[in-house]
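Common to both upcoming complexes is subunit A, partnered first by subunit B, then by subunit C.
Now for the complex of A and B:
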């Protein structure tokens, strides 16, 4: 009993609890990554510039993370790689959110055979190993970064559609929906202006998860050679290129690997936190 | 639920599985037509111009003058007898290559499955029993990282940590006999198991916390039954439910993860075969690998559903697993 009262008391005392601190740290980390991606290049060297006279080397004073087999500075490539790491997943997320929200809302609000058709399709897509489908399709279509982005955008739609449909289904029995229906609001208006604002917390939180999934999948595709074009600074591709240099310059693999894991973790944590905050606000309303 | 309705359900699922295989195979068969470039160029390996007599031979060999559905039917008739044609890269039968590569992939998958199940349940159990302790917090925190980390990044970090910094495991190779294979595949299996273990820990912990607070468990403890008895008799069955309901999902994670991990560790398995075949536009090989993976995924889904029906009466009695 004592423990319980202590916990609630400590929760009330502080203005920020542990999850807020974690979220703040995640936000700070992601802000740095965004600054690297969007701001003026802070890379000390040209990320694409090969320097064969240096060649492969471990970290030194002039090259903090060493160089790869072509003498390219790892630190510069990691910094410039932040752009590919954020831009592609951002577009994937946007595409999957637009179509996923639309499908999920239509399925949830209309119900009936529309719902059945959409959900059977979603079940089928979720039962597929997505990354393998992406590999085969990209291989057949001829590859490239933007093809990978487009294919992943489509593959992430069912994840989103399922979550949004679930959230929409929770709204349907509520009085405001019935009231709107009684007033003769057409279904598309009801969906777009009445139900959607009420599931927006889920939409926002889910877009974080979709972003993390896109980041991990896209870098995975780059790692396998079906994403970023050869030579481009991209974390997944860097890991693949420098995998054989693990003995000579481990930093060339460890740095992009750690950044990838940290970024994905931070996005996921921030998504959880946003969801919690938004649903708390929703409950108190 | 009677035996008859179970049999009916099984029959329905098998029919659905066959339909699904037909759809997938048609989609994969159409790959040749989807790919940019002419069909005979792709089947010849896409290398420059082809001499006319070879072109003639290729067209005849792959029945390219027949209509698409007839071609598909010819392919299906061979595929049913496990004949997927010859690899463009090696000119060896696709089926032989698949057979040769299957061993290491199955070993890797099985090893990772054992690791996931054992570590996932034990860690989830510990975390739930020591709720809010440092151990619990540490487990939950590492779960968050494990869930987010892509398998290939984990693989390379493990490789660096345990094959180079502290060289306890080999950096490459896939072993000869059983123990040697076990030793060689430990790091790949760990990398493959990381995210699914994190997933399982999360679900087991939540399920356990729900069960441990229930009256019948509290009452069993109050009657003086030991904690181990309670765990085995009352809680264990409930811990099985998350394992079975997410095992199909875990399996798909494995199939995807295996590709990344096999490439990361240079293992000659089915996953790395798919990547090599797609990169080389080796169409018969891609078709063979995709069909094999499709059969495995469908079978695993079916087994997981049957298993969850056996364990969870709620699934048996009505509706679907939550």
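Now for the complex of A and C:
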């Protein structure tokens, strides 16, 4: 125990405060985005309301981020777009977490042919070019934001399953698992109550990664026209729609772009921090 | 020894050393104050349990403290220089060439991707300067021969191809390649088998004498310290509590802690009714700051012991003790070992009723992928009766753990017959659910490492309750049963709410025992249950096991490499060597009159402070 606590302390020396501050900033930023996503009333104008009399324009006092070609307020659209930016990835993450964890744990803890079947499926899925599959499926099904969300959810399951299986395999040979086996604990209890809590740090960290990945992928699909319906306030779609107006109103592209990058980065950093804290707790126990 | 000590300037001197670890906003004490001196050619031992700060002291001396651990006060002087002021660049000239360092774990100490010969070549004093590849290689082979490796091919092997003892030899050869004046050895033999331990200690002693090198030996084993060292420093919870010449410390300890350690040790030559260990567990240094660190566990403590840290005073010539009451109590502490109570003569072994509980016939186990190698178990036959306590002794790789794991169904034997209470665990196919259940009702296992055998994320209560519910679904009040179980292993029932992290090693092992007892098994398998514990905890757990065996009549299969331990607890013993049982019989008989060559060697290897152990 001695050795472990020493190592933990040493690994964090000097960086402890900095990583805490970073995590705090990321958290604050994400909190603001969440607040925007939950309250469309915060938008100063109707995000969908075209105003052709104004038309395309740079930032002004009344339109802080300017307007797009249809005279829609960029600020309002960015704010309302936060909802699409968070909701879709959240669902993707939940789907991949639930199914990925279940498959990964079953494969890791049961082993044998169950493991083989699950892992060959995972191999197959990972061999597919994800974005291409998404484009084909969405094209066939007629597209739309929710179809994109569903496809991404399915595509991320094998990633999660593989990581969780690895983490579970690491736990299986540990004496506490063997002790539970000799005590006659049924395998499903062993999986759910013994192994899973000990891989939960990985589960959480992986979910943060999945969220960031889903956010970027969804925006990418929207940019390509396979995601959000035309006209909807969506960051990816906004970049696509306004990229021709880059010089007339740079804010119309830069604002959604920056928000996208910042959100994804913050989610990743926060995920790192949470993982570090969780695994530290696990180690010192 | 005295003439060595009379040298004016000691080779290594530590004064008022204080080591702290930086945490989140706070600093925790690791070593509160330590004074130590080492004369040229002298061997000094630092003895302490885990958490005493002995390893960090060693690391401080060679300037290899982990990043968050630092020396906050004091001085370390070597050859007239203060080591603490050195820059990393200056350190590199001293480390290795003047101060050698041997670590505990020969498995991680050598770079796994470098050949052993290269490891030594790198450490040679003229490494890379003007010597040819061939010369350096010849030199490294010579160095290997010096540590007893005469096979030249070893220089071309990778560390993982060598046994633990060989690796430690290579590590020692590398550490002394540059002819250091002082060698710091941090538990150099702890991770090794008893027989190998003796060889390595002998080697260190020989090298030290041949080179006139100073040796600082860090160990938790008093027997090793007494056999190796001129003087011994006893460290407890970051405090130096006693320092004296080895022989004197053994015969007349002047501090209750040293006394406690001496009587916690099971005697090799006889069985005692109960070991009088030290109650409680080692505290964190900061919890006992400003008073005698040992006071909470001391049998002689008085309120005055809580008034300030007792100073280290010279209680006899060249004998320092940090006990303020030593003048009143030293008479009671003298010759502790000889006063241990003898056990009542063993009752005759109960004749097993209705055949043996466990019967193994020609049990073989070959691990997959290693079919070309020697089998882990090469056809062993054995029996364990109901309520009988049986020992299984052997070195690592002898197959003793494989045998235990086969018994509880964690490993499947390749051929032979293994029947546990009517359940054939040797059957060709998997055990069906019913047999598996019956097996888990009959046999339970306590693992070696108490730190990983409890699920870190679950409370102790929920872990125990799960087992109670599984094996007795009709139990009306599982919580009461959990409390009862905890009490039976000497733990307070309140611990049920807590997670394993707050427990010491000894307490964790008690929880593991309680968990095994929860199914009311007929046989408990112990796989080296004490080897990961501190000395004082070992005595406590050993006493607990003796009591449980006596009161409940549970059979034991006790696996260990420690013959002193096995004598205290088992009736009959099997000696396992390379997958074969080479000797068996009543424990007293086997230890007193070993018939087999290997058993003899094992008995000779038991650390003994005096006599012929290291000659």
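A few notes on this one:
Everything below uses one rule, namely that the second predicted complex is superposed on the first by the 267 of 285 C-alpha atoms of A that agree within 3 Å, B and C clash if a C-alpha of one lies under 4 Å from a C-alpha of the other, contacts with A are read in each partner's own complex, and residues count from 1 in each chain.
Quick note on the criterion: a residue touches a chain if its C-beta (ideal position, glycine included) is under 8 Å from a C-beta of that chain, and two chains touch if they have at least 3 such contacts.
From a predicted model like this one, the values you see are computed outputs, not experimental measurements.
In the overlay built on the shared chain, the residue A:151 is in contact with neither subunit B nor subunit C.
Contact with subunit B, but none with subunit C, is seen for A:265 once the two complexes are overlaid on the shared chain.
Within the superposed three-chain model, A:237 lies out of touch with both subunit B and subunit C [touch as defined at top]. With both structures placed on the common chain, the touch criterion links A:220 to subunit B but leaves subunit C unconnected. By the document's definition of touching, neither partner reaches A:106: not subunit B, not subunit C. In the superposition on chain A, A:180 makes contact with subunit C only, not with subunit B. Of the two partners, subunit B and subunit C, it is B that touches more residues of subunit A.
No residue of subunit A contacts both subunit B in one complex and subunit C in the other. By the touch criterion given at the top, residues 1-2, 6-7, 9-10, 12-14, 16, 174-176, 178-185, 189, 193-194, 197-198, 200, 282, 284-285 of subunit A touch subunit C in their complex.
Interface residues of subunit B, counted against subunit A in their complex, comprise 20, 28, 31, 34-36, 144-145, 147-154, 156-157, 159-160, 164, 171, 248, 252, 255-256, 259-260, 263-264, 274-275, 278-279, 281, 286, 290, 293, 297, 301.
For subunit C in complex with subunit A, the touching residues are 21-24, 50-51, 55-56, 66-69, 408-410, 436-437, 440-441, 443-445, 447-449, 451-458, 466-467, 470-471, 499-501, 505, 512, 515-516, 518-519.
Across the complex, subunit A meets subunit B through its residues 124, 127-132, 135-136, 138-142, 212, 216, 219-220, 223-226, 236, 239-240, 243, 246-247, 250, 253-254, 256-258, 260-261, 264-265, 267-269.
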